[in-house]
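Pasting the structures in now, so scroll down.
You will see two complexes here that share chain A, one where it goes with chain B and one where it goes with chain C.
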Partner chain A sequence: MSATDPTEVFRQEASELFEVLEGALLDLGLRPDDRELVDSAFRALHTIKGSGAMFGFDKVASFTHEFETAFDRVRKGEIKPTQELISVALAAKDYIRALIEDPQSTDDIIGEAILDDLKRFVSSDQPVVPVAEIAEAPPVAPAESKQAGWHLYLEFESHILRNGSNPLDLLEDLCKLGPCFVVPITDGIPFLDEMEPEDCYLKWDVKLHAACDKDAIDDVFMFVQDEMKLTLSPLQEVEAPAPVPLFQLHDEEPAPVAEMPAPVAAAAAAPVVAQPIASAEAKSEPKSDPKSDPKPDAAPVRREEAKQDRGIATVRVQAERLDELMDRVGELVIAQARLTQLASAGSDLSIKMIAEEIERLASSLRDTTMGARMVPIGSLFGRFRRLVHDLSRDLSKPVEFVTSGEDTELDKTMIECLADPLVHLIRNAIDHGIEDTAARAANGKTEQGRIELAAVHSGAQVLVTVKDNGGGLNTARIRAKAEEQGLIAAGAVLTDHEIHQFLFHPGFSTAQTISALSGRGVGMDVVKRTIENMRGSIDLSTRPGQGTTVTLRLPLTLAIIEGLLIRVGEGRYIIPLSAVEECVELTAEDERSRGRNFLNVRGNLVPFLRLREIMSSSGSPDRHQKTIIISTGETRVGLVADQIIGNHQTVIKSLSKLHSDVTIFSGATILGDGTAALILDVAQLVTLAQSKVEKQHISEAA
Partner chain B sequence: MALNPTEPKWSLRLPADCSIAAIRSVYDLIREAFGRQERLEIDCSSVDKADVTSIQLLLSTARTGEAQGRPVVLTSFSQSLRNTLRRAGFASEAMIDQHFPQKKDGT
Partner chain C sequence: MNDVQTGERQADAMQVVMIGLGEEKFALDAGLVREIIDPVPVTRVAGARAFVPSVINVRGNVIPLADLRIRFGMPQLDNSADTRIVVIELELDGEPVLVGVTADKVYEVTEISQTDVQQTPRVGMHWKPEFIRFIAKWREEFVIVPNMERILN
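The block that comes next holds the complex of A and B.
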């Protein structure tokens, strides 16, 4: 790990932080009152600033600092985050991202303009309240407490410096609250040999002689509160009677009231209790010495435990290592297949047992490895919220964006491949699907359109749907366009579903004008191809006036599949088991209908392909031909093979570039005996069968 | 560099950047110096960027030297280092003296 470029690590971390920031800002647009969102946005900003400075991104640090300052009034709750403000904040976020990812493409002028906008928004609605207000936090009423200040004990987590946080800055901020007496505690400093120079070992004991609010202190530490132990106890005047609030605290502490490890949260309530327990005061006195008070530690300890749990829960691993692991498991599965074959050929029982044991282990290792590569699809969904937000603003179509099934897990490579297709689909949905506000109102619909993005497990597949409640597809127009482009003969009888398939035709677009967003006719065909390359399928359904749903069916993984091993002539082939519906024998009756190539499956006519013909196999066919019925979505096709050998754990090896023009195979695999078998591309075969059927139709009609 | 165990002291000048970004190399530098010399003198006059990590490293160096009975002397603190020390709460000369073995005259 030490070989990785720290700047690269920063970039990665920053890009995660940007997602957090963006999510928080967008949520803030919906729930402007949510303090937690403001805080999480601020924390992300602050970390970007800190680590940016640490890795030499000075521009990032200074811009982020300005951004932070401008946004500060939102944090203090002085102004509400309006939609405009959030748009500007998002622009600022994009600018910071550009500064990090491609500094050449940015211009200081843009940055300044964004900051100006930001400042204008945050200062427009009311005169600027002096920022010093916090610093000169109102003194606690003397009647409530004789408190003269605070005693703080600061202990940071060891990694805090690496995050770019600087305890010295915090101490300085603390000093701004009032006269401060800072004592560094050097006990924790190890000898050189045991030292990690970037870790934080120093602790501080601070006496703050200012009667400021606890909130003011919390504010100083708000960005690091998760990463430190802050023990706060009120500092008493020497002459003052023993402090009651601390006694109170012993009762209150077990209930985790405050977010911050701040044991004095009950200070305001204390005086009420003060009288009844006055007699107990003598007893409580020794405990209330701020230095020896054991209780305030309780909350931080709990916090730390919680953190540790979180720490163990996930480990960050480089993606390529997982790929490597998957490759190795793939090799193992192949080797295991060979072992099994050898064992079954011999008669040694103990070898057979071991082979079985290894088979079991290999298959569970395969499942675990695949599981480790699974990523919740939510990380992908998050990106589209911004897209919808921007598009809905640009097109002035208010759109509500709803996601569900974020927890659904998919192989990480699939998630990456899915991003572009989904962008197309969501764009289409907003641009073409959702009508403009006037049209919606005229149709008695809500002004706000709605786009739902959902993911759900369905057997060995994941279904991702993009659903809009717009006008639906205009079947007549698609048909007209298809006729115009010569894709179908005028007046040909086609179902609506068949007509909709033309949308996936390259270069097909019904948009009358080409907008910046869509209408160029590249899109749906690319989407379809991408999805099919993932061995998935895409399906459209629409209801006029009510909306369109696009469904993507995706396999769980790309690397290993369960396959059905078949033999055609001398060659062996794999059919992905997920596509196989059933296997039937080709009856003599079916055999006779040679010209028509239709199979009667319980009353339904299913077209079939003779694989022997497609593969141009030599020799004579087996006497009893088998038919494997495969399906993609609703379409079923039979494949006629010589023999069905059985199921096979298939490690997919992609075909080389030389074979890129081969369409009916999607890859290859190595069998137990070391020979190769080709994997049939189900989607292509179905299309092939359909086109044959269509040709037959046309020749019959002619 | 030739190792000469009879050399009575070794002066190590800290680089200008002793902040967290560069502290690892400073750490290696000091450990290396520790490995070869009985007596170690660390010249802090060029330190321009300092932070918590620089302070910790110097504290640990002093402590390690003390524990191993090997004299470590820090000389000529730069203004920047002094500032950082002050900010970290080593506010008075007395306090600095307490934690850091110094030789004020620099010889």
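The block that comes next holds the complex of A and C.
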């Protein structure tokens, strides 16, 4: 791997910080009194400012600085964060993001306008007191900034050394600001047998005799401000002839060594997630891991815990490496299947034992690797809060947005694919689902609408639901529209469910006016296609006047599925097991009939397809044909095969571009003997069956 | 792709893998060839276009197996001891795609000289001219340098 561009690292870092910042700001809108939120927003801002300056994003640094200044009064509790203020703050956040991601496209005027807005809300004429967590520090008046020096009291958290920070380095940096008189406070040092060699027990009392700015001091501690207490007070009178320091810091170094064995080693070894420099040096490529970020709304205690283990608990790994790992594991699983096959054919017991051992190892390695690709869906949910916030403001429909199941884990590729469909669904829910305030009031509903976004595990599937408590689907209108577009004959008998399926028809929209948000009739069909491409399905349920629920059923992973291996003629095929309902034998009677391709399954009529015909197999069919009944949604179709071989752990390989015109196969896999087998696309087969039946009807009618 | 070609022409020589299909010799640009393997079991893809009738497993990747003989209207011989699969990498619509090509025989890796390039004749050929990049002379024989992108699209 070549050296990582530090600017890129900063961008990645910043984009995670923006998420934290945005989350905190939005939460703040709901709970204006939560100091934790204000603090977390500030921490994010300050880190952006600090690392921005470090990587040469001067505009970012200066704008963020102004932003901080303006917001500072909120932090001090002098003004309440109103909705308007939050909106401006979000706009400011977007502007900073634009400055970082695409500086050319931004205009200073926008920035100034935002700052003016901010200032108007906070009408700040206060001096800058940037952000470090200064405990019990008296506010510094501007007049005092020209005093003789500062009195600092430093108290680090005990695990600071493990994070690779060395307090001595910080003290040294402090000395560069001017002559320092540093006294270590040794009260906290325990007895030798109770001492944790990697903990920091010392505190420091520093008298800095320099007329430096408070900012300069904050900058020294910028990266450890979360992990320390810094109390600053100006030195009022010049105490003693200060500029002749008796103890230079270096003289002290031998003493604390006992408490801090090999701080350098610790600095080199410990991965520090929170520090941009550290990650740049380690060349780690950022992968969003929301687990490691303290949630903005977490209780303080949990925040502490999160901080405790974030140094060791997470490692950033390039996403492509995970994909590569998955590929290798896939190959291993295939090779292992071949070994097992060979071993079971032979009679050598020891080979069999090894084969079993390897099978066990390969399957646990597969599970672990898949687990490593899992990302909590919460990282995705966070993005929609902003969407809901903006939409509800633009449409003046107050909406409460509730999420649950953020911890539910999904394959990272799925998370990426899910973003767009969910945007569509949430937009629809607000724009079409939730009625306007007057209509809600008339129906005796609360003025505020409610949208729930939830994720939950259900077997080998994950269900993601978007639920609104709006007016529900207007079945009559959908029907009228479908008739108007000629999708159904007027007066045809259809269930509500069937009518609702027209929503997924391309170009179908019932919105009477086209808004900027929805009504163009693109959307639901795209949503459906995206979900089906992920081998998921989509359900709609609605209750008039009470709301609509859209449920997305998704497989846990895209890489490996459980499949049913079947043989048709000479060829072997995989049917995804999730689609298989049951297997029945094709009776001699069904076998003979050529005119009707229907099965009688416990009184239900199930159409069937002869795979031999579809695959145009040569040779004569086996005597006892088997039928595998598959289902997608409500439709059930039987597939007639020569033989059912059994379960198969299927590592999915996509088909090449040259075969993109073949729709009945969704991919391929490699069987135990090293040959490739094709995976049947169940949804496509059902469509094929339906079109066949329709053709039959037409030919009958003719 | 075009840059590469002009570069090679300037160098006046082109590294090729000489393969035999039916009675003809084809020269595949050596830069495209990834590996040459013995025949492996093929899996037929129902409903696929005739010149990519099947897929094969090459080192854990499922890749399409193309049959140029169909594109050039040649008889399909059964696999012989000389039959090989030449795995080539192509750019199709901006994405690299691995494709296996069945060859009745693989001769050698050699160089054909730019000066030996013959103008593709407009008459006397029953192959589609767009499938052919150019025809070169090699050891008193005419060899076809096929345009793989066109053939496979």
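Assume the second predicted complex is superposed on the first by the 496 of 702 C-alpha atoms of A that agree within 3 Å, B and C clash if a C-alpha of one lies under 4 Å from a C-alpha of the other, contacts with A are read in each partner's own complex, and residues count from 1 in each chain.
Criterion: a contact is a pair of C-beta atoms (placed from the backbone, for glycine too) under 8 Å apart; a residue touches a chain by one contact, two chains touch by 3 or more.
In this text, all values refer to a predicted model and were calculated from it rather than measured experimentally.
Student: Just chain B (first), just chain C (second), both, or neither: which does A:414 touch?
Tutor: neither
Student: Have a look at where A:675 lands relative to chain B and chain C in the superposition and call it first, second, both or neither.
Tutor: It touches chain C, and chain B stays clear.
Student: Is A:615 touching the first partner chain B, the second partner chain C, both, or neither of them?
Tutor: In the superposition, A:615 touches chain C alone.
Student: Could you say whether A:186 touches chain B, chain C, both of them, or neither, answering first, second, both or neither?
Tutor: first
Student: Is A:166 in contact with chain B, with chain C, with both, or with neither (first, second, both, neither)?
Tutor: First partner only, chain B.
Student: Applying the touch criterion given at the start, work out whether A:201 contacts chain B, chain C, both or neither, answering first, second, both or neither.
Tutor: first
Student: Within their complex, state which residues of chain C touch chain A.
Tutor: 40-41, 43-49, 52, 55-57, 59-64, 66, 92-93, 95, 97-99, 152
Student: Give every residue of chain A touching chain C within the complex, in rising order.
Tutor: Touching chain C: residues 327, 330-331, 334, 571, 614-616, 653, 655-659, 661-665, 668-670, 673-678 of chain A.
Student: Under the touch definition given earlier, write down the residues of chain A that touch chain B in their complex.
Tutor: 54-56, 161-162, 166-168, 171-172, 182-184, 186, 189-193, 195, 197-198, 200-202, 204
Student: Give every residue of chain B touching chain A within the complex, in rising order.
Tutor: The touching residues are 20-21, 23-24, 26-27, 30-31, 34, 51-53, 55-57, 59-61, 63-64, 67, 84, 87-91, 99.
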